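Chains here go by letter, A, B, C and D, matching the order in which they are written, and residues are numbered from 1 within each.
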Amino acid sequence: MLFNPLKTNNEIFITNYGINFTKIVNSVMNMGVKIAKNRISEFLDYLRRRYVLYAPIEKDGISKIGKIESVSEIAFLPYRTKISVKPIFFPPEEKFFKFQKKDGWFELEDYLLQIDEEEKAIFGLRGCDVRALEVLDRYMLSEFQDPYYRKRRENTLIIGLSCDYPRESCFCTAFGGMIPNRYDLWFTDIGSHYFVDIGSEKGRELVNSEFFEEATKEDEAKKIRKINTVEMEINRRTKIDLCEIKKCAQEIKKKANDPIWEELGKLCLSCGKCNFVCPTCHCFDVKDVTNIDGSEGERIRAWDSCHLYEYAKTSAENFRKERKARVRYRIYDKFVFPVMRYGVYACTGCGRCNEVCPAGINIRDVLRRLIS
Amino acid sequence: MAERRIRIDEITKIEGHANLTVEIEDEELKRVIFGVHEGSRYFEAFMKGKSYIYLHELAGRICGICTVAHELASVKAVENALGIQVPENAEKLRELMLISSHIQSHILHLYFLALPDYMNAESVISLTLTHKNLVKKAFRIKEATNYMTSLIGGRAVQPCTLKVGGFTKRISKECIERYRKKMKEIYPLLVETAELFLSLEYPPYERDNEYLALYNGKSIPLYDGKIKSTHVEFPAEKYMEHIKEYIVDYSTAKRSRIDGKDYMVGALSRLNLNPYLRDEARELAESYRISFPNNRVALINAAQAIENVHYALESLEIADSTKEYEPKKINVGRIDGEGIAAIEAPRGLLIHHYRIKKGRCTYANIITPTAMNTENIERNLQGYLSEIACESDDVIRVEAEKLIRAYDPCISCSVHVVRVK
Amino acid sequence: MKIGIFSLSCCEGCSVQFLNLEEKILDLLKHFGIENFRLAKEYNEMPVDIAFVEGTPTNREEILKLLKIRKDCNVLVALGTCAVTGGVSAMVNTMSKKEAMEVYGGFPPEMPVDPKPLDYYVDVDYHLYGCPFSKEELMELITSIILGKKYKDKEYSVCVECSLRENNCLLDQGYLCLGPITRGGCKALCPSNGKPCLGCRGPYEDANIKGHIKVLQDIGFSKEEIIEALSLFSYEKLKEVIGWLKEE
Amino acid sequence: MNNLYLPFLAEIKEIREETPDTKTFVISAPLKFKPGQFVELSVFGYGEAPISISGGNGECIELTIRAVGNVTNKIHRMKVGDYVGIRGPFGNGWPIEKVEGKNLLIAAGGIGLAPLKPVIEHVCQNRDKFKEVTLLYGARKPSLMLFKYKFDEWSKHMNLLLTVDEPENGWKGHVGVVTTLCDKIKHVSDTITLMCGPPIMMKYTSMVLIELGFPPSEIYLSLERNMKCGIGICGHCAVGGVYVCKDGPVFSLNRAIRFIEKPHEVQGVLD
């Protein structure tokens, strides 16, 4: 059995965000169900008619989660999408409001009202992305709530899918493996069928539809075998043990003056790509854009990256002028600070940052060096 | 009357820096000097040694107005040198891009540079006060054509999607459809523009010039064809046998002659040599009693306006038959060779010629339309100004500028380098 | 306020880009008088409040012209790559004078001057990067001047905007892309169109150029190829690094 | 849903010139705030800036602003009757409850006096709740001192120690940086220190105070960071796992030392 840090820290997981997928069904009491592969499009179409459906799509060599108009658009990939689910809830650029000067007064138009209140269903999310949503929820929906995020995030049904095989850069087993703690339904490919775990009341309602049938003990064994095979493969590559979450964080914190930062500082190009693909990075910049005479404009937030030179600059001082300090900050903000604050890592092992780093900085290798 | 010397130190409303000196003695024209004093820009020098993949990028920077033409001529010359076949739809898309950039350039020239002369306005900026709707119309066409160019080229100035062998990006059916729609949308404005420019009163001066343009015997080609002049016809590869370049001491731009004669390139040449104007355009011109071939030099402006109508219709036809483009990996068979390409830039024929060895350029020669036109401009100024030599300085100045501007000279192009054999 | 658009040796694409503002020019004219614009105007006046200068001086006459513009304006804006870094013209500085002359048949039409960025000769208040510059950035600058805001150069790379546009990374596909060291602000136009960044906006202050050179070498590009790419637009700004790379 | 990013409009009621580059704006915002808290001030078209509240009466708040950036420069050009946007108040504020019944040392440098002004006013109104109170205030020049017109009143309630770096206009008081006043503090034990000023001032004053025997856990600093959202989401002000905007801006020195990644990165508290 693989260790799941989230499970052991359940008590600190704040559940009452008003988000819909937190009510956990006791899965021991329920044998899962299964769905035949040739019925999956029917089921998805059924889902599409009841919810606004999101699922993996692939276009111009880029896979991401997108809105689905017709089930044929869905890309059934063997592993996670290249672009995470984050932009669905936290788009790269978001307009807060519009302001317009009128007789010395300003009229404000809040764009929050224009965000559709929709019941979403996301099909085909992987464990890494679902966990990332849990992390994002902690940041965006704690004592101060981000209303734009919340409005998109509310009423979202998560229908996950286990990976068939990992990508080279994956290391989700370091964070608890392919199946996260919270979901509505979870699909695992077991050959002719998908085995389906039920994670919530809403999920149970869905499997009551005509497409599902009882699963047998054998099906469940198949599922476990499948998960274990893939996770073992991931584990073989990962070779890091991050299980003891607080201890690891302490260990990394001690390395503030390690020569590794100097080395990484020389390699890093400060391109910010790792931040943008990260499913938990949520920093943003806010700016006003106006017309030529300033009589009307919009306040816009756009993703920001802690690797950029001006990120921590105030009118008095730039607090992270050196590249190595910025590289270190990012690692700390994934593995030390969130642990201190919320008891979780802000990394889910999706490995996207490893994949996009032009300088070839691999977070797994960095962690291995920091923890060894 | 005694000796007069009229000098314009910096001719405005043309692209680049040029000056004009007119000497008149006893109401008789003695000398006209059309000099270019833009700093030299050494393109042919620093192209040497560069990898073939960068040549068209550099060529685009020769001129900001005809960037599309330069990039296309350059990329085509490299393809010729390396024996690369370009897919048919890519060629068509390139032609579409060339057409929209032609119209854009013509509109810029007609409304912004030439028109103020005929409206007694100082500039298009003062026209915004007196003829706001006219200027807005010009902006609308310009915006639309820039948009069309960037649909295919990524952006209007220095397009960024060309590569040796085709394009770097996928150009979807939808993209082509948007091009078509936009062109249809501005077509009536192009007709209005033509009507305006056909009705202007141009200097009456005529001369039996030698004209030069691309020719294919069935249309008015821009992207491909043989080179034809009033007297001779030859494939682009043979340009060196006919076109000879030389320099004069008062100008940083080189000049050229065909078989020892000065010649004109540009819109008027294209129409004079290719009697294939589409009916709509031809009838429009004829309704203003203008037909081609025509020796009235200042009618270049009218020819441009007519061309706009003609090419707009051509482009709609091309767009109809163009298939979606999907970028493919280009197999560069050989990395040595010599290639020549001739293309019609808005202001006339443009020739790029490279030798490539081991993937790097060892020789570059570029002949730009303005370099071809310079001597012709000077000759025609001589002809026209001697007819009006008795007029006041101011009149001579204005008329001279009108005639020079009609050519839409592009000085930056002409000084990319001076090479002396 | 009076503005002027001046042109030194260059392709004048930036002047054209200025006219490409299209109807925004009419908005502009509500706040500014365009008093000096040789490409579009017959009568050109000095002094002006804001001088936009494109191109780079390539002869002595032009240096004097530039100095005069600086004297007769309050704010000088370097417009486009040639003015900011010397641009493609500066590539001639990679060759020896003799080499360059040979192409001229041994005799130059005038005493040539090495193309340099404008700030080599005069103080430059603002830089508008790019070949051609970006219209959005020009409007941003003009709006800032009208509203009395500080206009800040973008201190991040093209990669930032490229990844926000969810493009497929061209470095990953084996192209020689200068995105990681080139100043952002163009919305990653070229990479979004499938063309690697050629660095037309020049390097940004914090760029890790040596780091990127290593990355390119790891991909398999030769020293010559890297030097060629670095010197396309920003030879004058990257001279030192190029020198270091040659030595290495 | 309450949109925390949406400012409400507030009118500038009064403008007081404090120094050549600093003005106090009285803004019609009926906010309840704790001394040391800040608001996000919007000038539409120019953006937002976090500004400490330097006073208020329930109807209005006072913001004392130095012109350094886009927003602050623009508000300096604005007039009475113009509108700005306000979000907040944000931040934790000074731990005034902790000081009650104890000695209080207030150390301020330059514009740093602004966030401390509500504390000083609170002390003046509730003088009997505190034991000894000392205010150290240093500015570069006498003409750059804030709230000079209040000094007479304040000195009735507390020991007011002033210093300038460069004397001018017949300045008869102390000359030197704030640290040179520290030996004049008569109370060391049972004292809570509240400090705000430029990084360098806070750094050296903290060092001197520690040497004098003030425990770091009793020294509170107000930190400045790049803040965008003010509510701990945007990440810009994060340092060592805390958000200066929502966990701060006031931290005890011992806590500040704990979360620093590299000591001198936090406002140069220690080297």
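Things worth noting here:
The rule we apply is simple: a residue touches a chain if its C-beta (ideal position, glycine included) is under 8 Å from a C-beta of that chain, and two chains touch if they have at least 3 such contacts.
Every value quoted in this text rests on a predicted model; they were computed, and no experiment measured them.
Among the remaining chains, those touching subunit A and also subunit C are D.
The chain occupying the central position, as judged from C-alpha centroids, is C. With B-C and C-D as the two chain pairs, more C-beta contacts join B-C. Set against the C-alpha centre of subunit C, every other chain centre is closer than that of D. Centre-to-centre spacing of subunit B and subunit C amounts to 25 Å, using the average Cα coordinate of each chain.
Rounded to whole angstrom, the centroid-to-centroid distance between subunit B and subunit D, based on C-alpha atoms, equals 66 Å. Separating the centre of subunit C from that of subunit D, both taken as means of CA atoms, is a distance of 44 Å. For the pair subunit A and subunit D, the distance between mean C-alpha positions equals 39 Å. Contact of a single residue of subunit C with at least two other chains is seen at positions 147.
Counting partner chains per residue, subunit D has residues 45-46, 69 touching two or more of them. Listed for subunit B are residues 170, each touching two or more other chains. Every pair of chains meeting the touch criterion is listed here: A-C, A-D, B-C, C-D. Per the touch definition, subunit C reaches subunit A in the complex via residues 24, 27-28, 30-31, 139, 142-143, 146-147, 155-157, 159-160, 163-164, 166-169, 171-172, 179-181, 205-208, 210-212, 214-215, 218.
Within the complex, the subunit D residues that touch subunit A are 1-7, 9, 42, 44-48, 68-69, 81-83, 85, 198-199, 224-226, 228-229, 231-236, 238-241, 246, 261-262, 265. Note for the complex: subunit C touches subunit B at residues 7-17, 19-20, 22-23, 25-26, 29, 34, 37-44, 57-59, 61-62, 87-89, 91-92, 94-95, 99-100, 103-105, 107-110, 112-113, 131-132, 189-190, 192-195, 198, 225, 228, 232. Residues 45-46, 69-70, 73-74, 77 of subunit D are the ones that touch subunit C when the two sit in their complex.
Those residues of subunit A that touch subunit D in the complex are listed here as 96-97, 99, 101, 104-106, 108, 110, 112, 139-140, 142-148, 150-151, 256-257, 282-288, 290, 294, 297, 299, 301, 304, 306, 311-317, 319-320, 325, 328-329, 332-333, 336-338, 340-341.
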